[in-house]
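Just below sit the structures, each encoded as structure tokens.
In the two assemblies presented below, chain A is common to both, partnered first by chain B and then by chain C.
For the complex of A and B:
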């Protein structure tokens, strides 16, 4: 139960590599915040600074308003779940969970009670006397969770905790982690490179790139209004289609292709007079492309690959004349011929516009 | 090799049996010789089957010793050797595991330098540095004492190196988890590192015990007190008795006795570390 604040946090590693470039983030009590981004963007670094496993080289981290920059990990009252679980291999499940409490001189009866409760919540009751290697991956993951829960910490930190599990178990555990966190109402900070995990679990997302928070917001807000082309492409599966183009002469449309080379124009919902010729990136999500629409302009695209997902079908297509690709999501099943030609329309209500040079979203 | 030809199996077993015979034969001869009278062994042919003096020979050796070699009972020598070998094995393990802990887990100035300094002493066996070591031992007043026999042999680059390599295989996350669990350096060492090193310790103990048990040159140099004679120096003293035939029957009995403790250690510890390997926790 705590608030966590990052204030201008920076990290320069001893070798001179600057991994975090000033992150500002205020996490409220009981919130589930997910740090998401590709591998190497600094998610773990940020989490480990909060845990006290890495020094903070700039800015402040506060837990419950108190600056913790110089506190030892054990004194920050937080618990962490690692990707490889990091269970003590020679200790039983019970000892693994109890170890942190024993070090804190918690009375034995309290330890027993909490371990029993955690085991019950996590479905580990019959396994308390087993060693970690006698458990499956999912069970080990639960023990790691149990070790965090029994501590009743101010915050849970997760560093890609589900990466080592198979796909099905991952879905199951992600639901379970979320349920537990809601039940315990403990602040949680969760690191993942998987945007599906991020979207489904987060109260709030932090999309990171190269040590910078590109966007912070609720998952659906981020999805609906990505602040940069990077976020647009990263969030969503498949990501948003991004097409180069320029604003047309009257400002009412975008002409596709570099410098409008493709000649095909897509009408904008709100005209941008006075920006004629401005290089932009036009974004549209695969599910917002209209197939054979009754009205409006269409573009003919050629399908190069079809991925039937059951409920949906994803078609990877090429725009004629410029080699840009366009991903289309169709509801239902659509048997493929590799040479499919589709007439797609761009739903004006779901167009996104970004500046080409900065990648920043252009508001209407 | 998943070949399944019967005659290959037969040949393999014949070769193995031959090898076994060749290695076991000298030990058998030693045992046979230790059960005969001294005179029986200087005649031709040498006996190949045990004689009737087993109790005589072993009794003499164990409790009163061979007159010709100063008459120290072998029981005393075995005791001395046991103290020295245990001291060396336990001391070496204790020192080197602590040194490796410091080198792997603590950031202190010149850490790498210290590691390489330790590592370099690997190149210098006891025999090479025996003069300076003797000088220091003498200056410390440790001549003719158990400490003198044990302490100079305790520093061990090999064991430090082995523990270092093992510690490096332990995932960092385990250390970090322990830090978050509030385990300080001592607790981490005691609760995590030591239990995980169990099998390594067992294996090293076997090797180091035998190393200590077989020490010859150092005990010879550092102790002149007959009551500190170890079994190895004792055997040699009996070989080089001036002006008389070596008493082969007693010598062989002593050799048999000298072999027993290392064998015992191997057998007992092997069980321990095979079990350790089977239930390995990584």
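For the complex of A and C:
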């Protein structure tokens, strides 16, 4: 039960490599924040800095308003769940969970009570005397959770905890972690490279890239209004389509292709007069492309691959003439064919516009 | 795990292991059998004839006070060597594991003693601790202890224990370091977050996880102290003063080649052979299966 604040946090390694470039983030009590980004973006480093496993070379980290920069991991009162679970292989499940409490000289009866409670919540009751290697991946994951829960820490830290599980179990544990966190109402910071996990679990997302927080916001806000082309492409599965183009002569449309080479124009919902010829990136999510619409301009695309998902169908297509790809999501099932030619319309209500040079979102 | 032999011809596999078998027979099995045979015979004073005496040599050595003394010496010596070399190697390995800069140099230096020939190592220690000219002996004298391994049995035993342990530390160090580096970093981090002090982390997490390595080294070190330290002891104290550092292996040599009691010496070496077999069984039974945690 705590707030966590990152104030201009930086990390520079002794070899001069700068992994974190000034992160500002205020996490409220009980909030579930997900740090998401590709490997090497600094998300794990940031989490480890909060845990005290990496030093902070700039800025401040505060837990409950208290600066913890120089505090030992043990004194920060936080619990962490590691990707490989980091269970002590020579200890039973019970000992694994009790270890942190025993180190803190918690009375034995309290330890027993908390371990029993955690085991009940996690469905580990019959396994307390087993060794970690006698457990399945999902059970080990639960023990790692249990070890965090019994401590009743100020915050839970998760470092890609589901990466080692198979796809089905991952979905199940995802729901379970979220449910537990809501029940316990403990602040949680969760690191993942999986944008689906990020979208589904987070109260708030932090999309990271190269040590910079590209966007911080609620999942659906980030989805609806990505601040950069990077976020637009990263969040969503498949990500947003990004097409190069320029603002047309009257500012009412975007002409597709580099320097408008393709000639096709897509009408903008709000005209941008005075920006004629400005190079932009036009973004549209796969589900906002319309096939054979009743009205509006269409572009003819050639389907190269179809992925039937059952509930809907993903078609990977190419725009003629410029080689740019366009991913289309269609509800329901659609017969596949490698030579499909589709007439695709752009829903003007869901167009995104980014500056080509900076990749930043252009507001209406 | 092949279900069937990958060889076409039935004799080919035997042919392939034949050189190994020949070497084993010629250099290990035949001398061993010869020792067993010799141990049942008594030579005359000139070595010209011998007669069968059954188990008399065996009975004799166990009634011999010097043999019992060698047995006790060996027990003290091997315990000392094992404890000292394991403890120091573990300490050095834990420290080397933390070193970031110059780690390779540090490790290489620590491995050097292993490359020193046992007799040379013995001479180095003999020189350093020599009561008349030894540098270390000089400093010990300054500290107020009159070091003299030439006349004091306890000093002599300490000297051979330290010399033998020093040579074995490198080997133990390598295994401990490998064992330490095989422990996932996240386990130590988890223990740190769980509020364990560095000391507690070591004893409750790291040391238990090293137990397979420790047990393996324990057996290897005992075997080393029993059988591989002849040259070192011979060069340092030669078993003296008055047999106080004479171990079983040294006594086999002394009785057989200096005293020319070939039969008695053979009986002693057969007893040693039984011991090394027992230790090997222990090693295979427990080490190969790994200590479970």
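FYI, the second predicted complex is superposed on the first by the 364 of 364 C-alpha atoms of A that agree within 3 Å, B and C clash if a C-alpha of one lies under 4 Å from a C-alpha of the other, contacts with A are read in each partner's own complex, and residues count from 1 in each chain.
Please note the rule applied: a residue touches a chain if its C-beta (ideal position, glycine included) is under 8 Å from a C-beta of that chain, and two chains touch if they have at least 3 such contacts.
Given the structure is predicted, the values throughout are model-derived calculations rather than measurements.
S.K.: Have a look at chain B and chain C on chain A after the superposition and call it: clash or fit.
M.R.: Result for chain B and chain C: clash.
S.K.: On the A-aligned overlay, A:53 touches which partner chain: chain B = first, chain C = second, or both, or neither?
M.R.: After superposition on chain A, A:53 lies in contact with both partners, chain B and chain C.
S.K.: I'd like to know which partner A:100 touches here: chain B for first, chain C for second, both or neither.
M.R.: In the superposition, A:100 contacts both chain B and chain C.
S.K.: Touching A:24, do we find chain B (first), chain C (second), both, or neither?
M.R.: neither
S.K.: Under the stated touch criterion, which partner chain does A:82 make contact with: chain B (first), chain C (second), both, or neither?
M.R.: Touch partners of A:82: chain B and chain C.
S.K.: What is the contact status of A:172 with respect to chain B (first) and chain C (second): first, second, both, or neither?
M.R.: After superposing on A, A:172 lies clear of both chain B and chain C.
S.K.: Let me test your reading of the model: by the given contact rule, A:132 touches which partner, first (chain B), second (chain C), both or neither?
M.R.: first
S.K.: Using the superposition on A, tell me which residues of chain A are in contact with chain B and, in the other complex, with chain C.
M.R.: 51-53, 72-74, 78-80, 82-84, 86, 88-90, 99-100, 103-104, 131, 147
S.K.: Spell out the part of chain C that touches chain A in their complex, as residue ranges.
M.R.: By the definition above, chain C touches chain A via 184, 186-187, 189-197, 200, 204-205, 208-209, 211, 293.
S.K.: Enumerate the contact residues on chain A facing chain B in the complex.
M.R.: 51-53, 72-74, 78-80, 82-84, 86-90, 99-100, 103-104, 131-133, 147
S.K.: Could you please specify the touching residues of chain B with respect to chain A in the complex?
M.R.: Residue positions touching the partner: 171, 173-174, 176-183, 187, 191-192, 195-196, 198, 281-282.
S.K.: Using the touch definition from the top, list the residues of chain A that touch chain C in their complex.
M.R.: Result: residues 51-53, 72-74, 78-80, 82-84, 86, 88-90, 99-100, 103-104, 131, 147, 151 of chain A touch chain C.
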